[in-house]
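Heads up, there are several structures right after this.
Okay, so chain A shows up in both of these, paired with chain B first and chain C after.
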Partner chain A sequence: MMSLFFILITAPFFVGIILKVKAKFAARKLPSILQPFYDVARLFKKGAIYSTTTSFIFKIAPLVYFVSVLMAALFIPIGSLKGFLSFNADFVYFAYLLAFGKFMMIIAAMDTGSSFEGMGANREALYSMLIEPAFFILIASLALFTDNNSFYGLFLNLHISTNLSYILGLAAIYVLMYIAMIENSRSPIDDAKTHLELTMVHEVMVLDNSGFDLALIHIATWIKFSIYGTLISNFIIQNEWPLALQIGSFFFVQMAFAGVVGLLESFRARNKLEKNPQWIIMLSAIAIVLFLTTLIITQKIILY
Partner chain B sequence: MILFLLKAVLILSLGLFFVPKNRKYFFTFSLHLALVVISSFLIFNTFNQVASLKFPFLSLLNNTIYIEIDKLSAFFMLVINFTCLTGIIYAKAYLEPYYKSKSSLEFALHYFSFLWLHIAMLFVVMFRDALAFLIVWEIMALTAFLLVIFENEKKETIKIGIQYLIQMHIAVVFIMIGFIWAYSQTGADFSFDGLSVYFESHNPLPLFLIFFIGFGIKAGFIPLHSWLPHAHPAAPTHVSAVMSGVIIKMGIYGILRVLTYIHHDLFNIGLFILISALVNGLIGVSLAIVQHDIKKLLAYHSIENIGIIGIGIGLGVIGLAINIPALTVLGFAGGIMHILNHSLFKSLLFYTAGAVYTQTHTRNIEELGGLIKKMPKTALFFLIGALAICGLPPFNGFISEFLIYSGMFKALLSGNLQTDILLFFAISGLAIIGGLAIFCFTKVFSIVFLGTPRSDKVTHAKEASTSMILAYALIAITILLIGLLPVLFINPLIDIVSIFTKDTQAIQQAIPTLNSISISSGLFIVLIALFWLVRYWQQKRQNIRKDATWACAYTGANPAIHQYTATSYADNFVQISNQITNVKKEFKNFEEAEIFPKERTFQTHSSDKIEDYLIKTPTTFILNFLQKIGVFQTGKIQHYLLYAFAFIMMIFILTLLNLI
Partner chain C sequence: MTYLFIILYAITLIYFALSERTKKFVWLLAIQGLILFGVVFFSLNKIDIFDFIFILLETIVVKTLVVPWFLNKVRKHNQLKREHEPYVPVFYSIIVVVIILIISFMLSNYLNDSQMHTQYFTIAFTSIIFGGYFIMIHKNLFSNVVGYLIIENGIFLLSLAVGSIMPIMVNLAILLDVFMGVLILGLFINRVGDTFKSVKTEHLSKLKD
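Up next is the complex of A and B:
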């Protein structure tokens, strides 16, 4: 329960920090860190326009998407704080739940009959399909490494101590970070800044959403960032630390992650669109290296 | 008593030919119902006792043929009964448009075949005697053939039907060879039980492979799948649903039944099943994405789902071989549960797709669109089927995939290097299959039901009739029940799995996990409802408008043309997978000097490479060869006399030379 609380309170500041970092490097005047918060608050006060082409799918999809992300947050532990829900192989449920939300968003985009949104929907479907194996291989390596198979058990028993396990930790953080970037349609896959519908992925899918629905979609993005940030922070937090230190380092890692995302967005050019699939498959390749490293650490591959 | 009733149904089925045309449906429905009631009694008895049910049925060539029902048979009987029952409910409305064009005899034959298909499948899982098994297996193939060629006025349908019949007979040959080989080597019973004697004393792999080919043709294992994508679209919808839902599962039944008799050298068998299943899953779903014919697309998804079932079974067998009980139990449990689940959501998808076909008279999804406004209920049920087949919670497909996943993750910890690498491939394979299924079903659902109509075939569509919706609802309720309360189904599952292994502890440990899944899924639904209410409350006081879709302020778009199509949706995927999907685009590029472009066309074709190499290339080669030989058939009697003379001379000379 505690972990859910912490994930949710860091979520609103995530996008704010990213925006701040980006503004700093672009030498613009810094927006308030609460700017995204104000935006969403204003959306909640607004009415909505629904396209005449759409059906009930379009109305229910933002809710399902939002709830799927919120539910996903229930599974995530922080250090030794257990997630609200935890059972064997809960990461499978986690992944498929997020997939359900995405499924609904994709068909909602197609529901509008707009070719722009079709484009975005189709790209989102392809990219999230390609990222799936990377996530599962990553989790499989961790399961193998820690001899556990639930999120809580994985991270509780994750001791980064030997030389090889540093490689494991670094590679895992790298993969997770880019999974987060792809899940949230950020650079280098997509760039929320460009307002050219032809090259957009996630932003273009929600062109027709407005008011309450759009606000929920924005909040879902925050929570998604926060979830992945928490997963990354779990690699750094060690469970024998005192609780206060654990929480402190959680906040630190969350902020650092948001900062790194801002940095990446400022300095990294986005990929050529047709190179994206290859780039995403590269993450699976890194995950495979991770898996092999784990096999060496657990002495299933014995090196002489 | 039961036997008498069963035989009475068999004899009464002949009455179908004498009942007047308008009563035929009622008559066949009551016979199906009787059959379901009788066999359900047997299923119920089997699950309520430890030993299997065994009693004599009739005597054939001085042999008494026994009906023997163990838990595995009972499970398959349950699947058969449910799908056939919804099938016959659905058939009422589906066959109505044909009422005038088809004669009374054709209807009688169709219903008769459907009933006998149901009967034959029940007996396939009840007989152990090889001869009796082969006979009912043959009846199953023949009745299915008669059902496929219902629309016999189309030449294409007859051709497909015959192709199906030929491939089924190749399957029968292999199964027969398998039985005969075991019989000749050991001299034990000519039955399934006789196989155990052979397997005890010989290396099981070669004989297993022969059975695998035989049963694999039925189940649609790649590369033996080529009948499947043709027969499903050609058959009437309730038949496609039964075909995809249960007939192909008879192949899986055969494989499982043979596996129950093998107790040693299992590793290679498991490896073989696992690899072919992974290939099935990946290729099946990739080919499904590029199809435009909705029923063909669903047929390729059957191949994919056979793959998922195979992954479960293959892992189960590997678990037996290397002695990891968790992998065995959860692998078999997941695979077997997926048999039931697939029969549910696949028949639901076929029924809804069939309703779309009845209303629009087209199976080409490029001509559809916007049907959710005309057929909202059908659309909703299709969506349920689509979410279930993608394995998303809280639907039933998730439960079986979850069992397989949790088996794999458990085994990962206790396995050695070899198993870990296998499991690595299985985990990433299953993850990719899941992702591709989502890609495919977002495509189908949105192109068929969402957006705006792409042709005027959609304009006259109406909601499906009540009996169709009844069939949908029956299945959808079961889907949700399994998805939300999987624990209810775990005890029978344990019984079935214990045929393969006695150590079923791992699945009992899974019960709390499944309970947590129920809670999570319940919470998921409650939260959605809650936010719906919140939004309702928020929007009550706001200005809610309806307006055209945002197209960057451009309002002149023609929604029928300026919309994503199935081809464009799949194009992204085709670019990275054209080695498998083999899509060819036909279009003419603009010439440099072409100032005023002429009208242009754009076409894409995809073909199944495996089918091309395995079936089409050899058959065209043989046909060409035979045509060349055809030169000799001149039709002139003089030439034929010359041939006869040449033959006699040849014999004469060969005898002179003492060669024969």
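Up next is the complex of A and C:
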């Protein structure tokens, strides 16, 4: 219960920190850290407008997306704080909850009948499909490493103490960070600030959403970022630490993650659109190397 | 500790498959040289001190500094920036490198023999096969030299696999091979580049005496 509370508390500030870091490096006037709050509050005051070509799917999709992300947050532990729900192989449920939300957004985009939105939905589906093996292989390696198969048990028994497990931890953080960037349609594959429909991925999908629905989509993005930040922080937090230190380092890692995302967005050029699939499959390749490393650590493969 | 370097080496191979810029190839070769230095430093310390220092110098001076520096010179002379469309799309190359890696892991697990250090064999085998694949898919002479050097790094690791000592004669022979190979191919690339204003392999089929 506590972990859900902390995830939801950090979520709203995530985008604010990213915007602040980006503004700092672009030498612009810094926006308030609460700017995303104001934007969403303004959207909540507005009513939604629906195109006459859309059906009920378009109306329920943002809500389903929001709820699926919120439900996914229930499974995430922080250090030794248990998640709200936890059962065997809950990471599969977690992944498909997120996928379900995304599926609803994709069919809602198709529902509008706009060719631009169809194109965006196409791309989003491709990237989500390509990133899925990376996530599963990564979590499967961790499950093998710790001999546990729920998020809570997995991170509770994750002792990063030898040379090889350091590389496991570091590479896992690297892969998870880019999974987070791709899932949230951020810098190397997508640009949240682009203004050209032809190059958009996620933004073009939500062009028709307005008011209340758009606000829900924004909030879901915040929570998604916070979820992945929490997963990353679990690699750093050790469960022997006192509780206060665990929570302190959780907030620190979340802030650092938001800062790193801002930094990457400021300095890294966006990939060419045609180069995106190969770049994403690279993450799966690294995850497979991690899996082989785990096989060596757990002595499933013994090499002299 | 050697495992750490072996895994890093595997990751550099994936980046070789991913990257399309010649500058990145040179950087990756230098990084591979550093990784080989680490492998030698942590695993070969039972041999004669003179041989040990010689091999360390070989990895750090030749593989990390001289060869990349020379390749960079060749690259600048021929104004090479981006590898034009390879024969196989990068997407498939990444899958191929992963498949090679998995096959060689299974092979070394099967071969497990106390006479041989299979941990080096795994990555050496991957590196040699991938080097050959790298030469096949690129149209550019410069990239072919890079592929040759990847194979050479694989052979260096293979010589570690068959024994914990590395005979100085074998080592000298490999070193000579690299020097001659890189120097001659470098000059060759420069000549081809000057004559045809491009270093694609297809020009070589038009050569007449």
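Simple rule for what comes next: the second predicted complex is superposed on the first by the 304 of 304 C-alpha atoms of A that agree within 3 Å, B and C clash if a C-alpha of one lies under 4 Å from a C-alpha of the other, contacts with A are read in each partner's own complex, and residues count from 1 in each chain.
FYI, a contact is a pair of C-beta atoms (placed from the backbone, for glycine too) under 8 Å apart; a residue touches a chain by one contact, two chains touch by 3 or more.
Remember, it's a predicted structure, so these values are computed and weren't measured experimentally.
Student: After aligning the two structures on chain A, examine chain B and chain C and state clash or fit.
Tutor: Because the two structures are overlaid on the shared chain, the partners are seen to fit without clashing.
Student: Just checking: does A:285 make contact with chain B only, chain C only, both, or neither of them? Give me first, second, both or neither.
Tutor: Touch partner of A:285: chain C, not chain B.
Student: In the superposed arrangement, which partner chain does A:71 touch: chain B (first), chain C (second), both, or neither?
Tutor: first
Student: For A:140, select first, second, both or neither according to whether it touches chain B, chain C, the two together, or no partner.
Tutor: First partner only.
Student: With both complexes overlaid on chain A, does A:236 touch chain B (first), chain C (second), both or neither?
Tutor: Touch partners of A:236: none, neither chain B nor chain C.
Student: For A:256, select first, second, both or neither according to whether it touches chain B, chain C, the two together, or no partner.
Tutor: Neither partner.
Student: With the two structures laid over each other on chain A, which partner does A:88 touch: chain B (first), chain C (second), both, or neither?
Tutor: first
Student: More residues of chain A are touched by which partner: chain B or chain C?
Tutor: Result: the larger residue contact count on chain A belongs to B.
Student: Is A:296 contacted by the first partner chain B, the second partner chain C, both or neither?
Tutor: In the superposition, A:296 touches chain C alone.
Student: Quick check on the superposed pair: does A:33 touch chain B, chain C, both, or neither? Answer first, second, both or neither.
Tutor: A:33 sits against neither chain B nor chain C.
Student: Tell me the contact category for A:63 with respect to chain B and chain C: first, second, both or neither.
Tutor: A:63: touches chain B, not chain C.
Student: After superposing the two complexes, find the smallest distance in angstrom between C-alpha atoms of chain B and C-alpha atoms of chain C.
Tutor: 7
Student: Which residues of chain A are in contact with chain B in one complex and with chain C in the other?
Tutor: Residues 277, 284, 288, 295, 301, which sit in both footprints.
Student: Touching chain B in the complex: which residues of chain A?
Tutor: Within the complex, chain A contacts chain B at residues 44, 46-57, 60, 63-64, 66-68, 70-71, 74, 85-90, 92-93, 95-97, 99-100, 102-103, 106-107, 110-116, 118-119, 121-123, 125-126, 128-130, 132-133, 135-137, 140, 143-144, 147-149, 197, 207-208, 211-213, 216, 274, 277, 284, 288, 291, 295, 300-301.
Student: Which residues, counting only chain A, touch chain C once they are in their complex?
Tutor: 163-164, 167, 171, 275, 277-279, 281-282, 284-286, 288-289, 292-293, 295-296, 301-304
Student: Quick one: which bits of chain C touch chain A in the complex? Just the residue numbers, please.
Tutor: It comes out as residues 1, 3-4, 7-8, 10-11, 14-15, 17-18, 89-91, 94-95, 97-98, 101-102, 105, 108-109, 112-114, 116-119, 122.
Student: Could you list, by residue number, the parts of chain B that touch chain A in their complex?
Tutor: Residue positions touching the partner: 369-370, 372-373, 376, 379, 383, 387, 390-393, 398, 401-402, 405-406, 409-410, 412-413, 416-417, 420, 423-424, 427-428, 431-432, 434-436, 438-439, 441-443, 445-447, 450-452, 509-510, 512-513, 516-517, 519-520, 523-524, 527-528, 531-532, 535, 538-539, 542-552, 559, 562-564, 568-569, 572-573, 575-576.
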